[in-house]
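Going by the order they are written in, the chains are A, B and C; count residues from 1 in each one.
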Amino acid sequence: METRRPELTPDLFEQIEAGLQDSERIVGPPIGFWRDSWTRLKKNRGALVGLVVIVAVIVVAYAGPLLSPYTPFGQDLARRFSVPSSQFWFGTDEFGRDMWNRVWIGTQVSLYIGFLAAFLDLVVGVVYGAISGLFGGRVDDVMQRGIEILNGVPYLVVAILAMLVLSPGIITITIAIGLTSWTYMARIVRGRMLQLKEQEFALASRSLGANRARLLTKHLIPNSLGPMVVNLMFTIPLAIFSEAFLSFIGLGIQPPDTSLGALINEGYKELRFHSYLLWFPTAVFSLLMLSFNLLADGLRDALDPKMRK
Amino acid sequence: MAAAMNGDNNLQVKDLQISFTTYAGEVQAVRGVSFDLRRGETLAIVGESGSGKTVTAKSLMRLLPEANTLIKGGEAIFEGQDLLKLSEQRMQKIRGSKIAMVFQDPMTSLDPTMRVGKQIAESLKKHLGLSGQRAKERAVELLTLVGIPNPEDRVKQYPHQFSGGMRQRVVIAIALACDPQILIADEPTTALDVTIQAQILELLRELQEQLGMSVILITHDLGVVAHTAHRVAVMYAGKVVETGTLREIFYNPQMPYTWGLLASIPLPTADRSQELIPIPGSPPDMLDPPKGCPFTARCPYSMRICADEMPEYTTFSREHKAACWLHHPMAPNVEPPVRVGGAR
Amino acid sequence: MTEQSPNGNGRALLEVKDLKKYFRVGREALKAVDGISVEIKKGETLGLVGESGCGKTTVGRVLVRLYEPSGGEIFYNGDDITKVKGQDTKRLHRKMQMIFQDPQASLNPRMVIGDSIAEGIDIHGLARDKRERLERVHELLETVGLNKEHANRYPHEFSGGQRQRIGVARALAVDPEFIVADEPVSALDVSIQAQVINLMRRLQEERSLTYLFISHDLSVVKYISDRIGVMYLGQLVEMADSDELYENPLHPYTRALLSAVPVPDPDYETERERTVLQGDLPSPVNPPSGCRFRTRCPQAVEAAAHVEPEWREIKPGHWIQACPCFA
């Protein structure tokens, strides 16, 4: 382990001022939370692919129908059950309707459902959970019992009841989702609130005189964004799936409106002879589900502060 | 206390070098650490966070995560074998039987779902082949040895039924189960209250005298060192900067970091009007450790050469070595701060 | 409870009488603080020591109004502040501040430290505009030994010692008179502890601050405090000037505590006498009757279980919870 000894001259032994200012300096740009998470997310191939696919699907869902001369509802019985061709890119169904249009209109509906659920998660779920967690005590007890009652009723039963009472359709599904899907987010946010409000930075804020609103908006919510975003990303495919399931069993979107689930249902019926009617909507549906789940998984890892460095 | 230091070597560590690969780069945690452990003595490895002391200890037991740990060099000779090069199978025979370890946090060191007696018996079964009745008897013996009252009852209890101090005693009992030659204790009392800490330190001292084992005590608390150690190795930024006997380190330290450590601690006997002399700044980043002596940036006596070249060890006595350019013949004479050396 | 006589160099800034704080744990009450009476004089540093479960952190938090007291009275500058609410509480927050223990958790990881420091300024409207706010933040950063450029950085970019100093800057931002320091250096390396302690001492001189210094580390407490109070299971067992407490500890718990602290001086360690306490700390949910220390006290007598010990001034300035063993 002997390295070559340099010439030791007396001047080397002069005392110098150690560069102490340097040891307090911090090099590099400030690394914010989002920037750091984005860097980590980019390293996750699956998540990136998921993100790209989602964006692509959304773009095509809205731009696609515009590219085609046909409409989703126009029937042409002479052309029924056409195989995919250069004229009808996805073929036609039993009424001669252009499948390209129908698939993308259906996707639009599914996406609407997914994002609606996410929106409700945010508006209702977060607020409910935050109030419940922050206030604690009696308020929390009452609000949690409320959630438990809501959760006690199965989603399917709510949907069927809504179907019976109101006319089936997109409004009904919206209501069914609206009553049930936000409870998980509320629980997550409540859990975070309970955890964070005893942390020292929250105590410090309170001891400085912060009121509840300030505590919530400046401290508690920003530190809960991680689990919130992840949960949102999981909610969307879950909602799309729930709607697809309902439509598949005939309780959801009614014709002539359509969604991916309804299309899958119709296609399933024709699987024997006109299987293309099934493959296209299924492919889009599967792509969406997979992509959202990949993205959500990647986000969860990227946003988890414990996995830094 | 003095007799212990004349024994032969139980463990010889030479030029240990360990790094971790992280996504930010290579963290050089240990950069050439050497020390000997004599039979029957307590060697204290002292350092602050980032000094590499815990990594050193864990590496002797090969408990570092394989995935991102690089043992870049060095050897640890125990009973004629290099611990760093043994296969996992052979390490398992040594861990818990010849070399045992006690960790810092008694809350997480024990399996909460297993009865305490069973946890002690695990070691007995694996290494000594004891089973059933004999293992249970030995477990009770061990609990008595570590000072737990009513051991016949307590051996059947779960960890959560013990207090922090008692749990640490159980952990020690497990470590001692197979009569190890070497006990590595990594901050064994840091998580405990002061009065409980005193109990555990007394216990460790008694046990060492009774069983004649060698102890490596890892700590940042110089008070604990003064109470229990025979020899001391001071670590900073992955290197051992000074070693010596207890009295040599406390009363005649030869390295500015050691001076700094001693000068920054309030002694109960000291005068309150005297300001503490802190060490300014913070330890260096081990992702990019400095080229020369790692303490240069914070050292009030640093010279030009300190930043460029690592100083070699200067030997002051049989046990006392320090790595500092101030001891080179061409360096100026400096006096350590008043508070240090002969503090009483 | 009787009032303490002032030592003569200052009037009382804070006075606490028979303070109690109980927490509900299931059906039972955890008596974290169970009858503390103490006076803190303007400009002094009162140290509060004890082991886990003694209630010292709770005392600090009650004083800073993070918790509401369950009983007793608190006076600030002569005014009864035990039951303040609303705007009055906000005013108090300007006068009494806290420095926290954990450098990891005491700063909001999502806020740049400039904003963390300025939080007090924002809440109480102490700056007229952005420029003034920034100026004050820079001033505070320099006061604690950091650079102006640090204001835009996030907490994780700083070391533990630096983060503690940021916490000090945050507390100073509202210009308080009284600061509760709850284990401010316990989580720091030894060589860094001295930096923060020196800073605190300097600030105390420059700004006439009064400190309540809570810690389990007796050496540090002795160094920085004028007087020290020793707590055990929610009660004060002894209180005296720092030097007096170290030289003449009277209560057996204080003696044991002092004896248990290892001193970084090998000869001292070899020669000293030690009293090692047996047994564990009882639970604060169900403390022993009478004198709470009797289960571990080397001098315990039978009567200790039946008589509530009295808080008495046994010598001028030296208070002790006098149990029957002291008769």
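We take it that a contact is a pair of C-beta atoms (placed from the backbone, for glycine too) under 8 Å apart; a residue touches a chain by one contact, two chains touch by 3 or more.
This structure is a prediction, so every number in the text was calculated from the model and none was measured.
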Best-connected chain pair, where connection means C-beta pairs in contact: B-C
Most distant chain from chain C, judged by the mean position of its C-alpha atoms: A
Whole-Å gap separating chain A and chain B, where each centre is the average of the chain's CA atoms: 49
Gap in Å, rounded to a whole number, between the CA centres of chain C and chain B: 32
Set of chain A residues in contact with two or more other chains: 24
Contacts with two or more other chains, residues of chain C listed in rising order: 162
Of all residues in chain B, the ones touching two or more other chains: 280, 282
Parts of chain B lying in touch with chain C, wherever the complex brings them together: 48-49, 163, 165-166, 193-199, 201-202, 220-227, 246-247, 250-251, 260-262, 264-270, 272, 275-280, 282-283, 343-344
Chain B contact footprint on chain A (complex, rising order): 1, 6, 8, 10-16, 18-20, 22-24, 309
Chain C-touching residues of chain A, taken from the complex the two chains share: 24-26, 30-33, 199-201, 203-210, 214, 218-219, 222-223, 305, 308
Residue ranges of chain B in contact with chain A within the complex: 15, 22-24, 32, 280-282, 284, 296-305, 308-309, 325, 328, 330-332
Footprint of chain B on chain C - complex, ascending: 51-52, 159-162, 189-195, 197-198, 201, 216, 218-220, 222-224, 242-243, 246, 256-269, 274, 276-278, 280-281
